């Protein structure tokens, strides 16, 4: 980033305290993902049935679950997996969806038609059910969750990347590059791709939240990460049955953590968009 | 009209692709439907017998062909979980989902559009930031979690809302089916007690969904209002001294609604698919929960039927959006 | 009123197409049932058919069969505690049959059908109806046929309509399960004339009976919206027992257990079926509701170890696992104490019944020693459990994973969606499985036949093969006298304890919660609620 | 500049602007967009406000009518419309004045009209707001207005949408909207930009005719000196937020005194050229965000600069009705 961009970023953060807050949260989440497992007070997998379903206390900040595991430790440790799944799926769809959109917008013609049709088909599905079906059909492993989450985001990335590419193409500097003797792919990857990168990064940040929700939703209905791995969606599902019986903490803390993470990414995405493209803030 | 028909034809390939993809997906679902339905003490023979009965022993292309043939005749197959023809099930459940989703959408709109307008009119103000935080919080809520929480607080703790027993209290009888929307049907015969009962049942799940719909609607309203408020014709209107009410509602909002309507359509289709978990929590007899249960049970026909219904709805919805846009925008009528 | 009369004219249409929504209410001409005569029951899921004999019927269909159809006989009811009435599996009482007589040579039994018994259609019940119904059960395939065969009821020729009101069953062999098997939910009696008239050419009228009640039980189905609710109303002309007190039952399907609990706790539902152990324990502790807790006869939660494949084909290893199981932790952590311990028993069975506590308990030293003896090096394996077992299976699996780690056994948990679970079991390759099994007919040899026998049924999840075991089981099933029966039961129980292909954990409870105003709760082998004896107010 | 009474000030003046200053707050600092602007327009008079883009012409108009966006504010001076002080009027009062006593029309008429409302209703909206007409009366009056601006078949055209009309027609509709309530003052901001020459003439004729008929004062904001020369009675030249010269049109064209005016005319030798592209004037407009703006904002570009130019600027009334803000006028 150039100085002006940095300056602009600093301005956005100071001007918009919400984005600053989101950034701080984001850093906290990243720290938790990196160092969490080595910092938590308890083994997130160790049961202690004698101390099951203990309310939050000085000993167990977030209480304990059905078999006495420390919820705070589990919630913190889960950060890595949840963010990891979301980041991986977003990276995946960024690579494939972004590239498909680039190619689609750059070459047009039948390539554009085919990619457009694929997008249309995916869009015609109820997306969460499609994700469920993919995971159910391929098996509930982490890579499949990543894949399913990526697939349902594909049309979005294609659309954004395509629109940006078309705009760049029409702006004429692609022609200039062509005249200067660059080959198509070279122009595409060397000239267009870097130019649409900022918008795509914003897109990634915005879809991170949705990816987290999606993965947790899959886990919630039993089509996601496997027990006893700490994961927010599973933990909410495990705790769901305890809400009515008064052990609200089992579901509340992972649910709140999930919400906060998604919230943070959504706010951050908004903020990033301000930085990258102030005109387009919505 | 030609344009609409063309659009309709244009969506056919996607529909065909949806049918194929769904078919393949449901066939590779793990688990052996025949085994599941043969019952707990089934012998190998009885499993084989059921497999043959369900046509699961034939090669895939052949199964697909018979599926398509049946589809042409409006036969979506049988649900093994409910034991009913899928079409019957879906027709029975679609109004429930549609009513819920529509109410969710209306609640979302009722909150989000004014929020979006305020945020745009007072861009950069505290209200704008608050709006952003509220709608972002709304979209950050996992519906499965909010649903549970709302039931706990408003039913179990406070007792304000009725028991989450589906569309009506157990002892009430549904109004005669005209539209399948209880609120409308009850209003048609003037049965306000039933209407209130249905509304009371509807409110929590609809709010749960509505929260989720806030963000996309409020964001697009704000963005589109901002774009319109910056437009030259608004400057003209201001220069003409029109009241801020006329200015914002008649001039800005009506123009800003065009992209909002498009988004509403997307949000509606998204909610219709995404309310599966809400329906589960509130025992709502809709098609979302139906599809999820079927998916978990490896019961292919309902999943196929559901996806197909959704795809058709999606296409119809886009058409409806076109029509609404035409009604709103004279320019669209000439293209 | 207009609507009512219209619907009365077309109840069959309304049932056949429950989708149309407006279902017939108050079909009875008399005044509508009061709230005290109406029961609201909430359950996880409802019937997927109205025909328990049909293929693919789900567990709740048993309730339809129980309440809407009659059998020749039922188990004799006996008090269990002040809330629950249970049954004596070894004694029968009349239902449609007013009496019966076993032939002196022991090759058949002849039933006399109640003279006043009528179907909902008003027609008298005849022996031909009984024959058609039982023929159907043994011929239709699937679960019904298998269950009939479990009591040596296998061929249509066994059933003879002697005259209008006399019906005979010829025995294929001497089988103590034959008579009790006539009292389970499967061999219920259809109105065969009406069924055939509506069959549309299908010999067993499968489609018609799936969607219509066509019999003479104490209740009719007034409305059935699959996945939503089933509404029953009383058949006022029922003669096979005292007329039920309740006139209308609304059974709502509520998938969320929390909601079911909330409904019963707040008093909105009269009975809640299938609560998770935690909720049930809370309700018991709170003491504001009536609770029925019956140890499910013949049933256990167990861990199956695949005896046919390495590494668990090693008996010492299986014993080591049995000694390492965190029994108490599971009972507390996963079942909240809602179960009868199946560990810590004497080295030979204290009683000749099933289930019976095994001699193992949590003793990591002995487990380590046996592990060393087995010569099995540390290994990794997979533990399967059913996603549908919800809050029970998962914590149990987690606790087992943790408890076996010190033995050098690394376990990956594999939660299988309910539908796929049976398919997985059928592959017979799963090394470790958590499951629950209970037979309707409460005999030890019944359980062992399904689970331990070398014929390798789907329930022999460990694929356990032992000719000695097969001999003992077969001998017990058809034992000529009590002494030889006892010897053989003792034999297979001891062998089962030694070889431990199944590590029993607990015998589960069947837990039902109801309002204090509800009385007459009846527990049957099929575990579905029987509305005929329930009272309210 | 002291608060000298503008030359044309008479008992008949419609708008009197004195010492009128406007600032914009931006991220980069405060922009002093207008500095002590002063002029008057009389009944039936057409005054042209000319200058490069960015010189503050449009800002002047917007500020007068209270149409500045949130970043801009009036920091001083006075603007009286038929005796009503605009600078201190409440937003509601201003809104009541806009479209009734002072109206404005814009360039690019098609974009300046609501695209999804038919033109009859758009005219009617103003009438209903300011003339207190009901829906039906407003519709009828709107048709009359369309007729008044020379639109053929007005009854039918009232139902048309802007995209169905030509640019010239749209500008006539704009004029109809603006004059519907017989305002005392019409500000026309580049009203002919984007129209072809014939249409320009027609539009300007209509405006002139209406002004003559109703005695409406007109401020014609343009960078087109030829247009200003042809259509205005007086021209005020703006540069960087200052009015630098203000004179009857003929005088200004023949005897320009301010160095900037001279440059302008020189850059467009036939006095019929266009100011859009003023590359021949060396230097740029000064950065108005600077805190140390010189008293004469043209000084940096001026070849007649004197040491005296460092002193605060004074109006010099060189002859009646001809003012210039320069220490060293030509």
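Brief remarks follow.
Just so it is clear, A, B, C and D label the chains in written order, and each chain counts residues from 1 on its own.
To be clear about the criterion, contacts are C-beta pairs under 8 Å (C-beta built on N, C-alpha and C of every residue); 3 or more make two chains touch, one makes a residue touch a chain.
All figures in this text were calculated on a predicted structure; none of them were measured in a lab.
Common neighbours of chain A and chain D, listed by label, are B. Distance from each chain's C-alpha mean to the overall C-alpha mean is smallest for B. Looking at which of A-B and A-C shares more C-beta pairs in contact, the answer is the pair A-B. Relative to the C-alpha centre of chain C, the farthest chain centre belongs to D. Spacing of chain A relative to chain B, judged by their CA centroids, is 23 angstrom. Note: centroid distance chain A to chain C, computed from Cα atoms, is 45 Å.
Centre-to-centre spacing of chain B and chain D amounts to 53 Å, using the average Cα coordinate of each chain. Chain B and chain C, compared by their mean Cα positions, are separated by 38 Å. In chain A, 136, 222, 240, 243-244 are the positions where the chain touches two or more neighbouring chains simultaneously.
Along chain C, residues 256, 258-259, 262, 265, 387, 417 each make contact with two or more other chains. Pairs of chains meeting the touch criterion are A-B, A-C, B-C, B-D. Partner chain C is touched in their complex by these residues of chain B: 30-33, 35-43, 46-47, 49-50, 53, 79-84, 88-89, 91-93, 95, 148, 151-152, 155-156, 159, 163-166, 170-171, 173-177, 180, 280-283, 285, 289-290, 293, 296-299. Contacts from chain A toward chain C in the complex involve residues 45-47, 49, 52, 66-68, 136, 140, 222-223, 226-228, 238, 240-245.
Chain A contributes residues 16-18, 117, 120-121, 123-130, 132-134, 136-139, 209, 213, 216-217, 220-222, 233, 236-237, 240, 243-244, 248, 251, 255, 258-260, 262-263, 266-267, 270, 280-282 to its touches with chain B in the complex.
By the touch criterion given at the top, residues 11, 13-15, 17-18, 21-22, 25-26, 28-30, 129, 132-133, 136-137, 139-145, 148-149, 152, 156, 215, 219-220, 222-223, 226, 269-270, 272-274, 276-277, 280, 288, 291-292, 295-296, 298, 303, 306-307, 310-311, 314-315 of chain B touch chain A in their complex. On the chain D side of its complex with chain B, the touching residues are 65, 67, 94-100, 103-106, 108, 111-118, 125-126, 129-130, 161, 163, 174, 177-178.
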